[in-house]
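Read from first to last, the chains carry the letters A, B, C and D; within each, the first residue is number 1.
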Amino acid sequence: MQILLITNDDGIHSSGLMALKQAVEGLGRIIVIAPDRDNSAVSHSLTMDRPLKVTEIHHDTYMVNGTPTDCVALGIKKILNSKPALLLSGINAGANLGDDISYSGTVSAAIEGTMYSIPSMAISATGDPPYDFHGAGKAARMIAEKILENGLPDNTLVNMNVPPRHKQNRIKITRQGRRLWKDSIHETRDPRGWTHYWIGGGTPIHDSNRDTDVHAVREDFISITPLQLDLTNHTGVDFLKKHWDLKSVLD
Amino acid sequence: MQILLITNDDGIHSSGLMALKQAVEGLGRIIVIAPDRDNSAVSHSLTMDRPLKVTEIHHDTYMVNGTPTDCVALGIKKILNSKPALLLSGINAGANLGDDISYSGTVSAAIEGTMYSIPSMAISATGDPPYDFHGAGKAARMIAEKILENGLPDNTLVNMNVPPRHKQNRIKITRQGRRLWKDSIHETRDPRGWTHYWIGGGTPIHDSNRDTDVHAVREDFISITPLQLDLTNHTGVDFLKKHWDLKSVLD
Amino acid sequence: MQILLITNDDGIHSSGLMALKQAVEGLGRIIVIAPDRDNSAVSHSLTMDRPLKVTEIHHDTYMVNGTPTDCVALGIKKILNSKPALLLSGINAGANLGDDISYSGTVSAAIEGTMYSIPSMAISATGDPPYDFHGAGKAARMIAEKILENGLPDNTLVNMNVPPRHKQNRIKITRQGRRLWKDSIHETRDPRGWTHYWIGGGTPIHDSNRDTDVHAVREDFISITPLQLDLTNHTGVDFLKKHWDLKSVLD
Amino acid sequence: MQILLITNDDGIHSSGLMALKQAVEGLGRIIVIAPDRDNSAVSHSLTMDRPLKVTEIHHDTYMVNGTPTDCVALGIKKILNSKPALLLSGINAGANLGDDISYSGTVSAAIEGTMYSIPSMAISATGDPPYDFHGAGKAARMIAEKILENGLPDNTLVNMNVPPRHKQNRIKITRQGRRLWKDSIHETRDPRGWTHYWIGGGTPIHDSNRDTDVHAVREDFISITPLQLDLTNHTGVDFLKKHWDLKSVLD
């Protein structure tokens, strides 16, 4: 039977993970390998300064004292005997859109899976708590089936964001937009009176381009963005070759 | 006077940071904002579960108990009064090439700077310890001057890797290659006899394509790769629109 | 109704905590305030470099992202409206005997309670996994009732260790013995080949004095040791006054 | 030549450690083994969930990525070839008096040394920054010489607190007093508006008994308190035997 590997960044006890597991029941043997606690905003962190412990807490459910990326790497190289047919990461409690994708542990787990040539998808429930994990789970299953049937382009993962009020399964294939945050660093004081800075909160400045993930979700569409591993700016390669007179530098 | 912001992921006490600071002396007012300790492989992590403390340990030298990305965000939004003309991240002790770029705290700091529209470059000294930070610093200064003169394409950063034996400043503009690791998870036992897994080490499987960063460095070239913020696989957008029959899903 | 405050160092999800809660049911209103994860060997650590979050996960059950000592301090000063009649810490998975008491988060929570003049007891199930939490819970209830009836001497806590095969509730009031560890530091290597040291394991060198906690437990007795807050060696005060010629130092 | 082992809890880069090292120069071969960063309020914590790395950063100067207690245990069991004649922990930036002794990493390092039968002393500079480490160092040397000459009672360590304005080396042998803190938990909010609690600050409620460490320091005396490993309340043993009718429990 084909294996579906599930992980997340909110930790193994989170309800988004449970919802995802239930939603894809029947599509294969489901194996969960997830962090022992919240790993939000850890991005693509790998734990290299200490060893990691894998604990099988239930049948086919493994807890790791590390990051989502650690979970995927250990899962593929040490825990699973065969390559999963699909990696699902989520369901994240909150959106992963625009620039924020880069910080996301949820998306990074899917990047890690893609590096090992496993079709991978990150799923996030947008909006505010309580999140509609049930609705997001249903949508995730639909797309999971699509991926299992049709595959994904090489070195490409899917980033899916499901808004709470998506009517009639309206779906848009989008590109990653921009989303910067205003007033997202708060000042606080410790008991000795020293200033500290707490990152978070603030107001998002949304990208208004109609083909972006950010815009789709604001219009209550499910957003599906294909992301790639290659970070190269290929037109930039030509630009630098042409405009930087490296010859003169070299002499 | 224009400001050069310097950060890194090896921590504020690392010799690669010192070497970079010395190498660019005279190009502007140099302000260092760096983590208080080693943050290797933290990727683009943001610290959101606790507040951060900024300590000015010398004039224009700030230490932050957080990640490289925290340093850049705090620097731009809270510490600096005006926008830096250039952000330099490094000099990293070891290469940041191919797939490994994605885990790198050094490169992620330059990504963060680029999000704030600051021309940004990550610099790594490849090879083994002791690293040639002096040689890498000289090369970094050369390219820093190029960027200050000519700018960079929008939403684009530079990832620079300097090998120890680069002869006559041989430079190549490259694309990000692939670099996977074989046998990169070691098993060890804790004193109670439980197995733990330690990520790291192993043998790299190099990309042999001649236009890649991985290949350039193996041939003793300095590699300069323009990277972009946009992770979208744009041809993938069309692929999904065409091949996934989302209409049928929706009805 | 009188309040019983329960905490531990193995974390809020541990089965020893559950067992303790069940064992004392009916003795009062039971309020649990415990760390979100394993805090073994944290001793009397206070978290002062970051703020702490208190989450009410069920009615009268609070999770804190800190140490056992943090839990007690926050509980008494911020969460509870009135002073508990009793603080119970445990049931620890493993013994807290002899010199090891000093490292114990379980015992330290009871020390913290005693500082606030709350009658406090630490309970540990000795032996190896699976621990007999049920038996230890029964014994704990018995002694909890004694403390609620008779109180404890000022500035004094109770450290209770319950062996798995204690027959007929055999109990001994003991003093803290010595227990050092042989070969308790193991060497391991990280993936780069560097040596690291892992503390733990080893062979205990037991105190053979018959009135000690260490000895009682080896003989399958339940051990109850009254501990005090005062660390002063009072005979040492006289010794130093007499033998150190401080006058000569001062002139 | 006899070995003096120096450690602390403020970290290997702290100026209190440097001052202590300079102050005892000439008394033996000085070996420093100290934590890589601030470990204030870690108490007697042992690191058991991950291995520890020892780095020799200069001749006879070792940095450990662990607690003060880890440093002493590794030093004695793995780094040093022979038993030190004296262990000195400090100079701590701030007092370690009364109840606060129990939280102190500085004092705990001296407790650990005493467990290995090494004469051990913790030294703290009281008052506010900038601390008078020079004055405290001079006093520490004086007492270190006393200990090297006369030894210490078995299982007994010295806790020394040096106030900034101690005139004419006025010294008192004291007992551990009480020192509780009022208003020592501050509330702060994270960027999402959740309340967090920050332990620290507040106003100490001093013990006014004339023979205590707390009182001595308030009167500008150097305080020297002999502390012991044994936590047993020996009169409590008799109390419990007499007043708890354990016979009835047992039947």
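Everything that follows uses one rule, which is that contacts are C-beta pairs under 8 Å (C-beta built on N, C-alpha and C of every residue); 3 or more make two chains touch, one makes a residue touch a chain.
The model shown is predicted, which means the values in this text are computed figures rather than measured ones.
The chain with its Cα centroid farthest from the Cα centroid of subunit A is D.
Of the two chain pairs examined here, C-D and A-C, it is C-D that is joined by more C-beta pairs in contact. Distance from the subunit A centre to the subunit C centre is 41 Å, each centre being the mean of its Cα atoms. We define each chain's centre as the mean of its Cα atoms; on that basis subunit C and subunit D are separated by 21 Å. Within subunit B, residues 48-51, 184-185, 188, 190-191, 198-200 each touch two or more of the remaining chains.
For subunit A in complex with subunit D, the touching residues are 49-51, 65, 184-186, 188-193, 198-202.
The touching residues of subunit B, when paired with subunit D in their complex, are 13, 36-37, 48, 51, 188, 190-191.
Interface residues of subunit C, counted against subunit D in their complex, comprise 38, 40-54, 69-70, 73-74, 77-78, 99, 101-103, 108, 111, 115, 142, 146, 150, 152-153, 155-156, 168-171, 173-176, 180, 184-185, 188, 190, 194-200, 224-237, 239-241, 243-244, 246, 249-250.
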